[in-house]
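Take a look at the structures listed below.
Same chain, two partners: chain A is paired with chain B first, then with chain C.
Showing the complex of A and B:
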């Protein structure tokens, strides 16, 4: 917590404040890459307006935000719409600050752990170990990656509710590193009732809080379920109807809106044969939630935060309505694994993928929707390639982590017959 | 006593009482113009008096004659009105009115088509309107039509019975649409809950007794194309068919040459209060045509029945009680000379607006025996220049609608209502936005512009009434009704932002890039004067009943244009490719994560693989089939070596060393063998 931290925060705020006053802001709030049916500001406004008019917002097909959020923000939206961008910017800065604090704590924990285990490490592995400089470097990198990533900046100035999701996720991760159980559970339950997918983050939570005891795990799960029920009941009390469950969770699960986004779902289910739809729907939702949960939880049981990072990233790729704001959030968590970077082989490829596909998306969307000279396949191709790039990044991180762990104990250079050997998975 | 009933009905005194509006509507009307309020209250008082008296007469009549044929009457009427811009409006109305009394009597139909009588037995429908229209009625130049209709097919109905529920009504509504799909050969079978709404304020029932327990459904199919196959079955519903009478004029070759043609069917039941056993069934069939004289092959502006319909009139329907032709003689009709001249003339003043009609009674014309064809010719003065004729003043209220925005992503539906009257008028607008378009209620606003100014300012008009039922994809359309007071001499611009949805590939119609239709909006108002107004009064059933029918105000209904939007379309040719590609990307994630989670870390000798690409390829090609070929020296490390706790790690490392040594020995042997 030093002057540089505040300077960065201030600069991040200034960047957002500058862009929110340009015409870019309204453009971004309509872009399908940032504004999905779940997080678009237009739909949020509509929901608040309908709620204000006494019409059930979920009787229609436009509003999929949690009633609690609608109610909480309705005063702001209706009475002080001109302050809205400022509030969103402040919330986004708060997310950045939380990520910064989280990484400070994370590096400290890492160093502590390293001190205990150092005697087991191989000799030439200083490069792979966290050192004292990381106390400053990593949090700073995390903060910069969050505040100055164009994806998060644009997501913030488009006033998408991803800003809120990111804030809640950052809070969750912060409390997770801090070891505060109750806020963790409440936040996770809230996000789960709001957008379904964060339920997978129960795995890192259980790994942190109920490491060795099965009973503890069961107790926490029950506690989580109770929290979910309480939050759903609170939403019910706001709305006096259960229709919001279908409007939020049902809408996500059944993937009712085929509006294009950066994910894999939209074109797949546009072109799907109707009698296979249910099967593929379940397959894709399983893929986005429980498919990787168990193997990764077993593999990464000692690194709950890495598990959380990977799960958040997989969520951003495979969820039904992903937006670039989600991508920006997990990209900001990557500097935490700075010591794995040495083994990340696809950095350049992924970077190129991101640059090319993101710029293509805008162009191809224009060609398809406005110029009429391209068709949906073009845009689908760009989103597909973007997803592929993200997947490369995630698997690369996992491989790098495994290799680092191996080398940490076996040395960076393993010799076979006097020659340097390669490390492979087999 | 029977004579008394006759007299009563001939004087058109059996009237339908408009229902008392529910309280919410009262609240809405309160905000409305004073004359509107006065209108509803006045009409109610006036009509409930006549109503009581007449129902008494009805009862007396039924006591005497239960099923005499006199209880059923058929009337045919034809109205010809020259319109501005060399257009002629011909309006046919065929009315069957049957005092059937009890429901059981419906089994014995005479003039009324059996299908209509069966409807009333099968369903709880009390009033039904169907319109099949091609073309657009131009309010600004043609004034108001006698019967309103929107382009395409339109249908609305009221249901009423004891213990009727919404679900039952939905079911009956779909069945009813299916019945008429068959009866009229129209695509009404596409009417279901995904494109029907239950209007709250705009459409008023015309049956009796109506109270708030009645249910209503409305749907329109703007894409429907109306043609011969609808006209023929429509004519079959008439007692005389198309053999004789006015219906013989409706030849499809000529009807479908018109600029606007609209077939209408209206059925309503009028019952005595709280007595379902004393009812009248009234069925009205209308055909409203607008001819463009310039398109008829002729010189000048003369026209005749023969020119318009291809043949003269061969007589009247023998089953008809009356059979009359009304020809407008004043305004644009004044310049024509009629041959033969009308035997009688009738002057009607309604709400300060006077119209003179020449009346031809066909029963008189054809009194003497002998076959012949009757023709009326309209002869325009010679040497008249077209541009000398002045344009008519626009009617008090007219509406237009269009779409703003470009691209297939967002748009804005604009409805423009203009009030050219000097006083403020209450306006009701009903929108039915189909489910494939998302409308954002918070973007709805009404801006006002005084006539004569080009730009709309920022001046907003407040809603006096708002009913909104949001739409749901594949389930419900968006239903919006708004009421506001439009100041005199000004236009209101009603805008609402919409998003266009991407549909599933099989939900697009065969010509996907043709676009999707957005239904026309309905606009209603209450006019204080009868300028241009020629609709039938609520309690009347013949066109002649609109003569001198001065009322405190005139309920006006308008339709705007329907819109067409182009939704983004997917590529219809490649479902398999998309499924394969998307699944491949999922597999791209699944494979590596599976490896990371399950596979062992091994250390492999680096040099064994050739660095050169060609050599690599060569090795790959030739190493096939020889599985013994060792590619590398391996040093296996048990699974999760890096992740085990340090204590375990130590033990493993010792094991590893031993294993590695063994491995090396083995490899050396293999290498040697390979060398041999």
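Showing the complex of A and C:
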């Protein structure tokens, strides 16, 4: 919490404030890469208006935001629309600050843990260990990565509700590192009822709060379920109807809107035969939620925050309506694993992938929608390559972590018969 | 999964290290591969025969019904028009055209537009288009087809194409009597070349939009009547009713093309009516030696790419593409000799009229917009084409050089920086004496240096500054302040651009990046270069490919390393980089074109003429940009100029002396910025 922290926050705010007043803002809020049916600001406005007029917002096919959010923001939207960008910017800065605090705490915990385990480490591994400089470096990197990543900046100036999702996720992670159970469960339940996929974050939560007791785990799950029910009931009280469940969770699960986005769903669901839809729906949703959950939880049981990062990242890749704002969020968490970077072999390739595919998306979208000469396949090609790049990144992070763990205890240079050793995965 | 799960612990990859030694060879190989691949596409084995994908078109399914009376009408109208032209030397005989359209029973309207020419203090021009709509008897005006003929006043410098108007009118009269039209037909006569067309199209599609009058240059006005969504357009430019051959022009704005089906349709119908027609068709010459098929194909292909690369449409049809309307021009040339006259003069225009009727009736059959066939193709012969999947690999191979080199430069970056840092530590030690305390300090310094030693911050600032220079080139000439200077567009644009180029030229001498910065800038440059070429190649393949062919060798030759610097090689690179300055390139192209056009001029005069022509070209580029939306000027000033500045910086490879560098390091032991971009590159 030094002066630099505030300077960076101010600078991040200034950048957002500058861009929100340019024509770029309205352009971004219409781009499919940033604004999906779930988070677009226009739909939110519509929902708030409908709710205000006493019409069920979910009777049509436009609004998919949680009624609690609609109700909470309705005063702001209806009375002070000119302050809206400012509020969004402040919320985004708050997310950045939370991430900063979270990483400060995270590094402290790491250093503490390291002090206990140090005697087991191999000799030449200082490079792989967290040191005192990281107390300042890593939180700063996290903050910079969140505040100055073009993806989050654009997502914020487009006034997408991804800003809110990121805030809630950051709050959740913050409380997770702080070890506060109740806020964690409430936030997670809220996000789950709002956008389904965060339910997978129960795994890191259980790993933190109920590490060795089965009963504790069951208790927490029950508590989580109760919280979900309470939040759903609260939504019901706002709306006086249960239609919101189908309008939000049902809309996500059944993937009703085929509007193109950066994800993998839309193309497959426009192409496939209708009678296979249910099967593929289940396959895709399994892939986005539980498929990687168990193996990752087993492997990363000692690193709940890494598990959370990877799950958030996988969510951003495989969810039904992903937006670039989600991608920006998990990218900001990567500096926490700065000590693994040494083993991340594909950083440059992934960066190039991101750069090329993101700029190609713009060009191909123009050719497809405006010029009419390219078609959906071109655009899907670009988004598929982008997703591949993300998968590369996530896999790379996991491998780097495994390698670091190994080298930490066995030394960085292992020679067998005069040749460099290789790790075999068996 | 070996790619993802590399089991070796060491971060050093041997394959990469070995490859890094042969970057140039591999890149040269890729370059040659790309160019050869494109050349190979001219071979018949590598391209495909054209075919009609859209069954609805069914060209030639009906017998043409247009007869001699239409031809007679055309001849009569042409005579009347010639009389009118004697009275209207520099204007269009609007009244006569409107009267004729009315007489045929079409819904006739006029469209007024205004051009506010921004340069040299500002000026206003007015223009008028005339169009008649034939409402389809079978449908409620939801779709339309446009037939246009540009009118040129006798004072125009371009070849006379006045017979197009009578031809269009004769066809309109014929079409009026038929009841099978399922789409509204619009007969449009425009003036002032592409300006009139652009104004009409803008008025048709955005006429209701309230323009910001102070910023708009072309005020298109509004249209009194429309005819639904336009499906296709045919532009007719006929020099004489007696036709020698028909040249089908397809290249549109920013290198866009109409659907290949449309071209094929025109070719089929023309062939059926016995008219010699083709893409870039020229008069048959008696040749002593006929070139081989390969050579002919290659010429045709390169000619097409050359036309496309400027992004300037070669006919009024090109402006339709912007509105997603497939359009092409049939330019009929005058018959030079009467020796091979087939019919009498009284029926000369019948084949062309029949062809237009055939095209119209095929387009009338369309059930939806053209979508079946290719939009991205290169025509190698009248009946052979190359699709995007075949020609894109050529560009990808060229661009892959940049990415490949970037990757290898990046992977060897760490070791190089380590060496450099070690060198600095040594010099620092020798300078500060052998005090053990200072030695330890330097040691720790170098440790942190190794971890995040690359000056990401300063490189990022440098990149942004360079991009800003390019952006200014796009914005500055249109500032109100400059526009009010009583200076022509050409000198204004040229002076702004040369000023910016000069800044770029000096920049590397003024700003010297810290150690490692040059290498990092190199990587950044390669990435931006590759990325922008891919994007430009997607939007306009010809432009991207030609730029890649010219620039990639220099990009391969660039070398920023201190050691093994080969003096002559480096100087050669610098020289070529200077030659590749966008302004120099534009000048050279214009010079070559004027040499080709006026071979009789002396060299000094030629150079001077080319200079003025190049200045005009840059001004036209800007005007095309603001009026038609041609983005060539934008690309040159905002993308190529910054890239050139970066390239120039790298070819100079100015670095701080080691002594300076270590001084600097002592003053600022830890720079705060370096971490800024580290994350982004990961």
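Definition applied: the second predicted complex is superposed on the first by the 424 of 426 C-alpha atoms of A that agree within 3 Å, B and C clash if a C-alpha of one lies under 4 Å from a C-alpha of the other, contacts with A are read in each partner's own complex, and residues count from 1 in each chain.
Quick note on the criterion: a residue touches a chain if its C-beta (ideal position, glycine included) is under 8 Å from a C-beta of that chain, and two chains touch if they have at least 3 such contacts.
Note that the structure is predicted; figures quoted are calculated from it, not measured.
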| item | value |
| --- | --- |
| Partner chain(s) touched by A:141 [first = chain B, second = chain C, both, neither] | second |
| Chain A residues touched - chain C or chain B, whichever exceeds | B |
| First, second, both or neither for A:253, with chain B first and chain C second | neither |
| Which of chain B and chain C A:399 touches, first, second, both or neither | both |
| Chain B versus chain C as contact partner of A:370, first or second or both or neither | both |
| Chain B versus chain C as contact partner of A:335, first or second or both or neither | second |
| Partner chain(s) touched by A:412 [first = chain B, second = chain C, both, neither] | second |
| Partner chain(s) touched by A:296 [first = chain B, second = chain C, both, neither] | first |
| Touching partner for A:343 - first (chain B), second (chain C), both, neither | second |
| Contacts of A:236 with chain B and chain C, given as first, second, both or neither | neither |
| Shared contact residues on chain A - chain B and chain C | 370, 392, 395, 399, 403, 406-407, 414, 420-425 |
| Interface residues, chain A side, partner chain B - complex | 30, 32, 42, 45-46, 48-50, 53, 55, 57, 59-62, 117, 120, 256-260, 264, 266-274, 284, 287, 291-292, 295-296, 298-299, 301-302, 314, 317-318, 368-370, 375-377, 380, 384, 387-388, 391-392, 394-395, 398-399, 402-410, 414, 416-417, 419-426 |
| Complex contact set, residues of chain A against chain C | 4, 133, 137, 140-141, 144-145, 148-149, 331, 334-335, 341-352, 355-356, 359-360, 362-364, 366-367, 370-374, 392, 395-396, 399, 403, 406-407, 412-414, 420-425 |
| Contacting residues of chain C [partner chain A, same complex] | 4-11, 13, 256-257, 321-322, 324, 369, 375-376, 403, 406-407, 410-411, 448, 527, 530-531, 534-535, 538-539, 672, 675-676, 678-682 |
| Residue ranges of chain B touching chain A (in the complex, touch as defined) | 406-410, 435, 438, 440-442, 466, 468-473, 478, 499, 501-506, 568-571, 574-575, 578-579, 581-582, 585-586, 588-590, 592-607, 632-637, 640-643, 646, 649-650, 653, 664 |
